[in-house]
Amino acid sequence: MPDLTNNAPLLDIRDLAVQFNTDSGVVHAVNGLNLSIHRGKSLGLVGETGAGKTTTALALLRLIQSPPGEIKSGSMFFDGTDVLKMTETELRSMRGGRIAMIFQDPMTSLNPIMTIEEQIVEMISLHSGLRGNEVTTRAREMMTLVGIRPERGRDYPHQFSGGMRQRVGIAIALACEPALLIADEPTTALDVTIQAQVVDLIRNLQKVVNTSLLLITHDLGIVAEICDDVAIMYAGRLVEYAPLRPLYKRPMHPYTQGLFNAVPSLDSEPGGRLTVIQGLMPDPTDLPQGCGFSPRCPAAQDICRSVACGMKEYEPGHFVDCYFPNHAWEV
Amino acid sequence: MLIPVILCVMIVLFTILYFTPGDPARIALGQEVTDEAITAFRSARGLDDPFVVQLGRYIYRAVFKADLGYSYVMKSPVSYELSSRIPMTAKLAFCAVLFSTLVGIPLGIICAIRQYSILDSVVTLVTLLGVSMPTFWTGLLLILAFSVHLGWFSSMGFGTLNEMVLPILTLSGSSIAIIARITRSSMLEVIKSDYIRTARAKGQRESVVIFRHALPNAMIPILTIISIQFGTLLGGSIITEAIFSISGVGRLMLEAISMRDYPIIQGGVLFISLAFCLINLAADILYAFVDPRIHVK
Amino acid sequence: MASNIIKGNSMWKYTLIRLRRNYLAVAGFVVIALLILVAVFAERIAPYGYSDQDYMMIRKSPSAAHWLGTDEFGRDVLSRLIYGSRISLQVGFIAVSISLVIGGAIGAVAGYFGGKTDNILMRIMDVQLAIPTILLAIVISSALGPGLFNLMVAVGITHIPNFARLMRASVLSVKGMEFIEAARAMGATHKRIILMYIMPNSIAPVIVQATLSVANAILFAATLSFLGLGIQPPYPEWGGMLSAARPYLRGNSYLSIFPGLAIMITIVALNCIGDGLRDALDPKQKR
Amino acid sequence: MSVDLLEVRNLKKYFSVHGGSLHAVDDVSLSIPKGSTLGLVGESGCGKSTLGRVVLGLLEATSGEILFGGENTLAFTKDRLSKFHQEAQIVFQDPFSSLNPRMSVYQLIAEPLLINRVCRGAEVEARVKKLMDTVGLAERLITSFPHELDGGRRQRIGVARALALNPDFIVLDEPVSALDVSIQAQILNLLSDLKKDHGYTYLFISHNLSVVRYVSDEVAVMYLGQVVEKSDNRELFKNPMHPYTKALLSAVPVIDLDRPRNRIILEGDVPSPIDPPPGCRFSPRCAAKGDRCAMESPKLVEVGSGHFVACHMAIAASCYP
């Protein structure tokens, strides 16, 4: 994807392919993905289960378990360096220090037998260069920042509620002021009112720490609240990429349009019908030829089923992987 | 929980052996004695009292006077016989547990972090053989190899370091295998968990991830199996002591079994069960140290 | 038509497919199948009778006439091992059946009904678990006296708590599943819930345990016989044969090696089957 | 005014737990007219699923009354109860754990027919095929097992199973929250079609306000075991009165960028439902609380036509007669 601005993006992923070799065949989890994030911006990566969102994030941190996983091809330039060519030491200083991650399930992603202060301290002493008391002071600062009383630092994760644990996760991730924060479904496991607290917290802290954000989610609503740019992912590839407003106002890819139509909203008329995307996600061990969405697409033509279109810039900054964007869905 | 369990163990043992055919008086006095002598022996020892009375007396004496009865064959108090043999067995079992833990856990960890490697396959195969070899056969093979053919180690007794090698190897063989297998599967389970991914995403060194994050979380099943192995090893000491002619509790009991010397059998099994229960208790307390989510009841 | 639809339990189909890919498990099955054939047709296969003595051939090393040599009474070791397989397999399978039935029932009742019943049954199991199993087997078999039946009972009793605990845990985990609630919402009876819902879903770990327990039971039987508590001579039991061979360890080590090998091969085979079954039945192992 | 198919009066369900009594459902009164859908909304732990189960008799009520078609279900005889199981059914949240993994699609759907001896032999098969057709499952899947199917299809099995006995009333316990957006839409459409065609009465339990908005005729909001607000669907979304409802509504992420946002972020977590203190359950987190709130538990009072709210402040402010 060409640069959208003059300065180079913070993160530039090109033609990334990740696969898992399983008993039932090769799972093509990420399949030729192109994605870039600019400094200080937040990008929402949206897709349904199995679209390859989390795999992308883990690939970026080089945390794909191998076997069975394998990064087949591509490049991931982070701040000018290809993550795929980094040494183990470089990777370690990048993980946590330059790119930090918040995980989906706050119940399982904290070490159950370490106090939360120890877990925040661990991150700080790995990357900040602070020593001794400074580390603890910084950890307490972080706790205060995310809304946890510092005296609770001696407690263990099981003594916290889900929302509070996710705050701990955020404190850990932001403790060393990373250049990029990856948040993988940070609110999916939480209740609506707690979700609102956490979204609010992430949005505010992103400004405070001045970090770029990659928000992975299936929830278009949360993206609307936090992100500047949106990327829609389907079957291991991006299908649409644009700044928030154009994409939400005028989604062009048939899948994106279907996704927007399928979400019930607070303003929908009770008892109406939702427009449904027929069929299922393709089997990741046996992806269709051509465009991945073609088997479910109401506008698919012969060409869609043989050769994928590739990203095209239909409007300035609005990229769509489709020959026939803007096809109106029959409602 | 410990006390009622031990009391029940006493009742069970006493009952089993009480209803076992064979007259204790005959066993004590031999076949060549008069009926009068038998009668006198029986009444002197209260063997004609009802079952419940005998049981009550046994428990009362055991609990309050540490008196486990009188050996028919040795003609001495069971507690005396046991106490002279306990140190040997304790030393043997303790050394074996220590050895199998020190070998088993690292083996398990190596296999887990190098899953599907050649090393993993080799260790998996060896541990499979380890759990499948009967202790007594392992002992015989070790004697054959290291004592008979190579002449490196002694095959009798358990005093000097040289004598200790083969019995410990024999006794800990299957424990090493079991501990290694449990450690491997427990570590594999933990390594897959989300918080290990979190630790890696922090940029932590792999060695710290394994030893600071994964291992402590994998400890609970490992501790459990070690405490169970303690029991197995205490039981297995019967065989090891028999093979290597070590005069510990196991050999005492084996002799008692062949002589039908019930008070010794009762006392021996009781001692081993008590030791086993105490070790389980210790493991329960350790759990709470390892995992803050568990509270000592 | 309807019967076609109902038949073919997919769990077993998939288990079988996964199991077939596990070479160790397949090898284990082959070994055990061969062993069962050997035990059944012992009279036809064994070159000699198990108690045929030949005083000209005392403690002779393996030769063409006696492939595995002869023992201290001039009996053919191979023939004795072949007859011995009957004992080991019988003890293994029957003893485990005893503990499976009793322990399984105790565990299922404790798990399904819970409350006081559960508490009482499990405390009884705790008492038994306080005595190391091999010791308990020794005490029971010394109380019962020697003999095949007593040996099976002694080994069987000692394995009861394993099955009880496992069955209970398994039933408890299934009992908490939503599909049990779904069955109740449809108005299913207790009997139907236990038979159609709980049993099929909780049996897998018990099967694995049973396979591994057969191995353990054979080991126990051999150990007891080694200590002189199990099968009495002249009937050949592998552990008993080892015990008899002990005095000749220095001069005639083959007498100690072959029975031990027989035990080990059998147990390795059973453990391979057990491990294979566990992996095949455990959906988490799928990769 | 239509007839209420289900009426719940002062229903309580307490669980005795370590450390006290958990008030899962605490004095709830509700009614659902025949043929309509009541959406029951609340966050996890508010007691909405427990309420659904108590209504069906899967959990025993601690006290209160449940009237089904005018009859008290808590006083049902065994025979009447088994008939009630046919009249009232449930679809569960998790299409993975609510289907017996050892049963094929055929067995799963036939199960209610066989248990209740509705029909036998070839008729069962015909009914199963018809049901599969009704919920949109291809007939070739009849021999499949749940783990071979995706979440959406599994949930269709759950629906078919609930429909098998021709119930009047179905509790839908978070039927779409385990599903992806596009599959969720398919199931929601299916449920609404079924209701149109057969006139089912639904109790739709969900934490997702947008989904509830879409399917319900009336909506009740639960907080810590109690109904805090209940109203006609449009009225509730247009004019929420309870501060919790307001916060809940404002917290829902919406995709319409031009929708005016008036974010109310609630402080803290939901308190423990074990031995809750007297007074309004919501008062510790409430920004608008008054002196009365901590002392006295508010009752559900009608503040508009069919609009009930349990909040001292809202009640005081209303001028409904």
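So that you can tell them apart, the chains are marked A, B, C and D in the order they are listed, and the count of residues begins at 1 in each.
As a convention for this text, contacts are C-beta pairs under 8 Å (C-beta built on N, C-alpha and C of every residue); 3 or more make two chains touch, one makes a residue touch a chain.
Since we're looking at a predicted model, the values are computed, not measured.
> Taking each chain's centre as the mean of its C-alpha atoms, which one ends up farthest from the centre of chain D?
Result for the farthest chain: B.
> If you tally contacting C-beta pairs, which comes out ahead, B-C or C-D? Let me know.
Per the contact counts, B-C leads.
> Which integer distance in Å separates the CA centroid of chain A from that of chain C?
Centre separation, chain A to chain C: 52 Å.
> In whole angstrom, how far does the Cα centroid of chain B sit from the Cα centroid of chain C?
22
> How many angstrom lie between the CA centroids of chain B and chain D, rounded to a whole number?
Centre-to-centre distance between chain B and chain D: 56 Å.
> Among the residues of chain C, which ones contact at least 2 other chains?
none
> Which positions in chain A are in touch with at least two other chains?
Expected reply: 67.
> In chain B, what residues contact two or more other chains?
Counting only residues that touch two or more other chains, chain B contributes none.
> Where on chain A is chain B touching in the complex?
58, 61, 63, 67, 91-97, 100-101, 103, 105, 108-114, 122-123, 126-127, 156, 158, 169, 172
> Of all residues in chain D, which touch chain A in the complex?
Residue positions touching the partner: 43-44, 150, 152, 180-186, 188-189, 192, 207, 209-211, 213-217, 233-234, 237, 247-257, 259, 263, 265-266, 269-270.
> Which stretch or stretches of chain B touch chain C in the complex?
Touch residues, chain B against chain C: 1, 4-6, 8-9, 12-13, 16-17, 19-21, 128-129, 131-137, 140-141, 143-144, 148, 231-232, 234-236, 238-239, 242, 253-254, 257-258, 260, 265, 269, 272-273, 276-277.
> Would you pull the chain B residues touching chain A in the complex into a rising list?
116, 193-195, 197-205, 213, 216-217, 290-293
> Can you check the complex and tell me which residues of chain D touch chain C?
Residues of chain D touching chain C: 53, 56, 58, 82, 85-86, 89-90, 92-94, 97-104, 106-107, 111-112, 115-116, 121-122, 124-125, 142-143, 145, 147-148, 158, 161, 165.
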